[in-house]
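Next come two complexes built around chain A: one with chain B, the other with chain C.
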Partner chain A sequence: MTHTRPLNRLLMIALLIICTIWLVIPFGMAVLWSLVDPAEPWTAERLLPPVMSFHRWEYMWTNSSLKSALFNSYTLAPCAAVLTLLLSIPTAYALGRIQFPGRETMKLVALLPLVVPAFVTAIFFTSLLYQMGLTQSRFAAILLAHAVITMPYAIRIMTVSFEQVRQDHINAARDMGASAVSRWKVAYLPALKPGILATLLIVFIQSIEEFAIAFIVGSPNFTTIPTLLYSSLGQDFVRPNAAVLSLILVVPNVVLMLFLERLLKSANPAMSSGKG
Partner chain B sequence: MASIEVRNLSMHFSKFIAVDDVSFKVEDGEFVTLLGPSGCGKTTLLNLLSGFLTPTSGQIVLDEVDITRVPPELRDTAMCFQSYALFPHLSVQENLSFGLRQQGVPAAARLDRIAKVTDQLDLKANLQKLPNQLSGGQQQRVALGRALAVRPGVILFDEPLSNLDAKLRESVRYEIRSIQKQYGLTAIYVTHDQAEALAMSDRVFVMNGGRVEQVGSPETIYHQPATSFVADFIGAANILEAEVQSQSGDRQWQIETPIGCLTVDASDPPAANRLRVCWRPEHGIEGGASVNALSAKVHHRSFQGNFTDLTLDLDGTSQRLQVPNSTVMDGDGITFSIPPHTLHFLEPIQ
Partner chain C sequence: MTLGRWLQVILLLIPGIGLVVFFMGAVVYIAIAQSFGLYNLAGESGFSFEFWTDVTERKVYWRSIRYSLYIGLISAFVSVALAYPLALWLRKPFPGSFTVSAILKAPLLVHGLVAAFLFINVIAYHGLFNQLMQGLGIWDEPRRLQNDRHAFGVLILQAWKNMPFALLLLTGAVQAISDDVLNAARDMGAGAFARFRRIIAPLSVSAMQAALVIIFINALADFTFQTIVGPTNRQSLAQYMVFFRDSGRWHEAAVVGVTLMGLSIVGAVLLSLLTHMVFGKRRAR
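Then we have the complex of A and B:
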């Protein structure tokens, strides 16, 4: 015990330092950069920007395609989350609840799309869309592509959730004369709820931060926050503007994550196991 | 309430035969126990009766109606699960009313029925609690209440007491039996606990290897086991291989066994010349007698309170004897006798 205590302290301090370097400094820098006033540049010898204002925020809001990008991203992401969830459920049900030869292999195969870089998927997906003549709706195309690339996560999470559903609950519901719908409500849904929330969260975040597909399929007309961010990091690179955009990208995600984290916590594990 | 009949029922899982050509009828209001070791097919049989499994062949008939292929949600049976299978996110009240809602029972009638069940099972104080806030015994009652509330034709129990501690098990056992009698329920109860089966049942079905080995009242099963499996599984038994030597009178046979020549007084004649016989350890009498007197060496003695359990050595054959207040110690010699009417013929030796 006496040996482990200083070691624990040391590890805690190391963790704090790493967290600071990893999270607090970049985040703080982004906040500070977004507040730099154009009247006075933030030069290397100063610790803090000499003049701070919300000028950059106002500028980005009025003079860039930020509004439409926000609208696009925040309609795309929830749609992608719901679509991916719905599309993943049949496969996840099969992998989680039906016994068939090669099931474990199929679970691995379902994860394979993750090894292909998003750019490769994006290029081939775009050419596929053109070949099929499906170019009318960029929104729908990106939505579909996002569903494809986030599907492995959704299938994986939902498979585990379906495995958590207890057969005796399903049997008890059937035994009591429950219809397919009430069986689903009483036996499946409570056990699936944490998985559903986790899937929605992950797909939402993946979709909102996804650049490659949104850029290749959507450009030049359809902007999302990441494509806007990358373009302001590219030829017309203005660091304070990029800082504003990256904060806009990050803040709602953090809020959403905290919110869903609370929801997941309230899904008591004893609830799905049924034993106190 | 209803009667349920099973005709030539078989269940095969690829090559494994879980239930092998079983036929029986359970009468209206009867309490029947399916008793057997794990893997004997009793739970499979219960799942066939409730409809979770479809038999490979054979028929299940409930009140003269063939229900072999009727799905569980349409069967007039209710199951008490070993794991209780209470819905963890529903309160006790909602759990109890779940089946009634499915049946479309109106709210007023539902409340009325639940009130009756909660009165009976002493659950009134816990109606608003979630299952994980209850003790194991209370969860068990809720599971029983949920099954009772739908007033099933046949109630099925899948080892409902196996998760309770020994003391509680005895009181719940008594409770289940009295409720069954009061409601006049037809009940089929699966267990591997022979004490449970003997204490609760009208009839016991002893199962082994997918077949029903013997059917009878608890007394018959205990005192007249049909096979050495039944004799051994229910209570303690000394089983000996024997050869019938001669018959004297109507019901007296002399047999040769590894522990010596014994006289058997039995109402039924032996099934073959070479067969197994058994006697219960508590039927042996310490001290000399004129018939079936034997002497042995005490190999091991264990005091059990109301009796002493002795493991005896008779020229290499081990036998158990349970006697009240014995003073013999390990290694002592002992004489005892087996009353002829307590020896019982079992199956022939193939």
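Then we have the complex of A and C:
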């Protein structure tokens, strides 16, 4: 034990140095680049930008398709979250509460969208839309595709939640004459609540971050934050503008992910459904 | 189970798994059918090997396969190789281990496009890395590092993004190994490498397989890292497929898409078999 403590301390110091290079410097530079004022460029010989302002943020807000990308992303994501949750609940109920032959196989089949490469799904889903003549609503098409590709997460989380609903709570509610709706309210809902929130959050984050389908199905008119960022990293690469978009994409998601982690850690369906 | 119960199960499965099977099945079917000339979007359809022959005769197709396999395999092995020592270090909690673990897993929260942008900032011609190398007197003048011909930039980004994922899977697996087993091996004179090879790796082989396979599939089908920081004279399979689609050549895109799916499956199976052969057998002894 005495040997391991100094070793751990040494490793910690080494790791903190690596993490500074790994996270602090790259993100610090992104923040600085987003604040570079166009009046005076940030040249290589200067450690910090000579003039800093929010000009780039204002410029991106008024002169790029940022507003529509934000609107699209933040409309699509909650719709995808609610749709995926609603579609996953019946399946998760069957997988979590009913014993039937082939249940484990069905759980594996639900993972299918995770093993097909995203760009293959995106391109041939577009092909399918063309074949069926359904190209009028890009929003609806991307929404459907997002619901499918995030379904494995929703089914998995909700199946575990349904498995943890206690049968004695359901029986007690039934014995006391509770109707189906009341049984759902008192026995199921408290146990499912953390799973429902986790599903909504994870699908929301996945949908906001999804690039391949939004890029292929949505192009050229329907932009989301990732597709806008991708186009800003291409031929029209302007570093400060890309920095603004990067921060807009990453900061809300990091906050939501940290919230999700706390939620998953605190989630104990046995406790929340009453006596543990 | 009664017929009524079966009917109930099927009806319950339809909105979730039914939708997944229908959607993914349709996508895979369309890809395979289009690769053989069916479902033509711009003219007559008809079963034909023409597109397979045409695409497989191109050198760039084979170069894309070699390049994507190179990215997929190296990314998977490097990510897992970096994650193992860290998972072993974090096996037992110590003061600060939670913070260390959180910092190491932070890239999981960062979008790949943002990671690529952060990386090109650091390696830019007048960027921090070039300035550091010049400041240390190692380089006389700045070097162009973006889009390097060996795709080191892509591999660094893949490892940055995927190592935390491998760490997540491996930490759980190595934490499940009992101290008694490791202490017994140490008492019998096994060194650190022997303990890893004969005990730790065989007992965490399932997590290793899962990490290798998932990272391999993701990196094999990489598009964003390749188009932003990858070599300009190489194309990944996903990039090649998008190139065909953008020029309206759906059948050729389908050939590349089916190749990508085939390589994902074959690669995943081979990686699983390889890890099982190398480490799984030892467990049986």
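Definition applied: the second predicted complex is superposed on the first by the 230 of 276 C-alpha atoms of A that agree within 3 Å, B and C clash if a C-alpha of one lies under 4 Å from a C-alpha of the other, contacts with A are read in each partner's own complex, and residues count from 1 in each chain.
In this section, a contact is a pair of C-beta atoms (placed from the backbone, for glycine too) under 8 Å apart; a residue touches a chain by one contact, two chains touch by 3 or more.
Source: prediction; values computed, not measured.
Student: Quick check on the superposed pair: does A:L23 touch chain B, chain C, both, or neither? Answer first, second, both or neither.
Tutor: Second partner only.
Student: Tell me the contact category for A:A110 with respect to chain B and chain C: first, second, both or neither.
Tutor: second
Student: Touch check for A:T121: first (chain B), second (chain C), both, or neither?
Tutor: Touch partner of A:T121: chain C, not chain B.
Student: Contact-wise, after the overlay, does A:N171 reach chain B, chain C, both or neither (first, second, both, neither)?
Tutor: first
Student: Per the contact definition in the header, classify A:A14: touching chain B only (first), chain C only (second), both, or neither.
Tutor: Neither partner.
Student: So which one touches more of the residues on chain A, chain B or chain C?
Tutor: C
Student: Have a look at where A:R239 lands relative to chain B and chain C in the superposition and call it first, second, both or neither.
Tutor: Only chain C is touched by A:R239; chain B is not.
Student: Is A:M151 contacted by the first partner chain B, the second partner chain C, both or neither?
Tutor: second
Student: Name the contact category of A:A92: first (chain B only), second (chain C only), both, or neither.
Tutor: The second partner, chain C, only.
Student: Across the two complexes, find the residues of chain A that touch chain B and also touch chain C.
Tutor: None.
Student: In the complex, go through chain C and note every residue touching chain A.
Tutor: Touch residues, chain C against chain A: 1, 5-6, 8-9, 11-21, 23-24, 26-28, 30-31, 34, 39, 41, 89, 94, 96, 100, 103-104, 106-114, 116-122, 126, 128, 131, 160, 214, 217, 220-221, 223-224, 227-228, 238, 241-242, 245, 250, 253-254, 257, 260-261, 264, 268.
Student: Given the complex with chain A, which residues does chain B contribute to the contact?
Tutor: For this pair, the touching residues of chain B are 50-52, 71-74, 77-79, 81, 83-90, 98-99, 101-103, 130-134, 146, 150.
Student: For the complex, which residues does chain A have touching chain C?
Tutor: Of all residues in chain A, those touching chain C are 4, 8, 11-12, 15, 19, 22-23, 25-27, 29-30, 33, 43-44, 86-94, 98, 100-101, 106, 109-110, 112-121, 123-128, 130-131, 144-145, 147-148, 151-152, 154-155, 209, 211-212, 216, 226, 229-230, 233-234, 239, 242-243, 246, 249-250, 253-254, 257-258.
Student: Across the complex, what residues on chain A touch chain B?
Tutor: It comes out as residues 166, 168-169, 171-179, 182, 186-187, 190, 268, 270-276.
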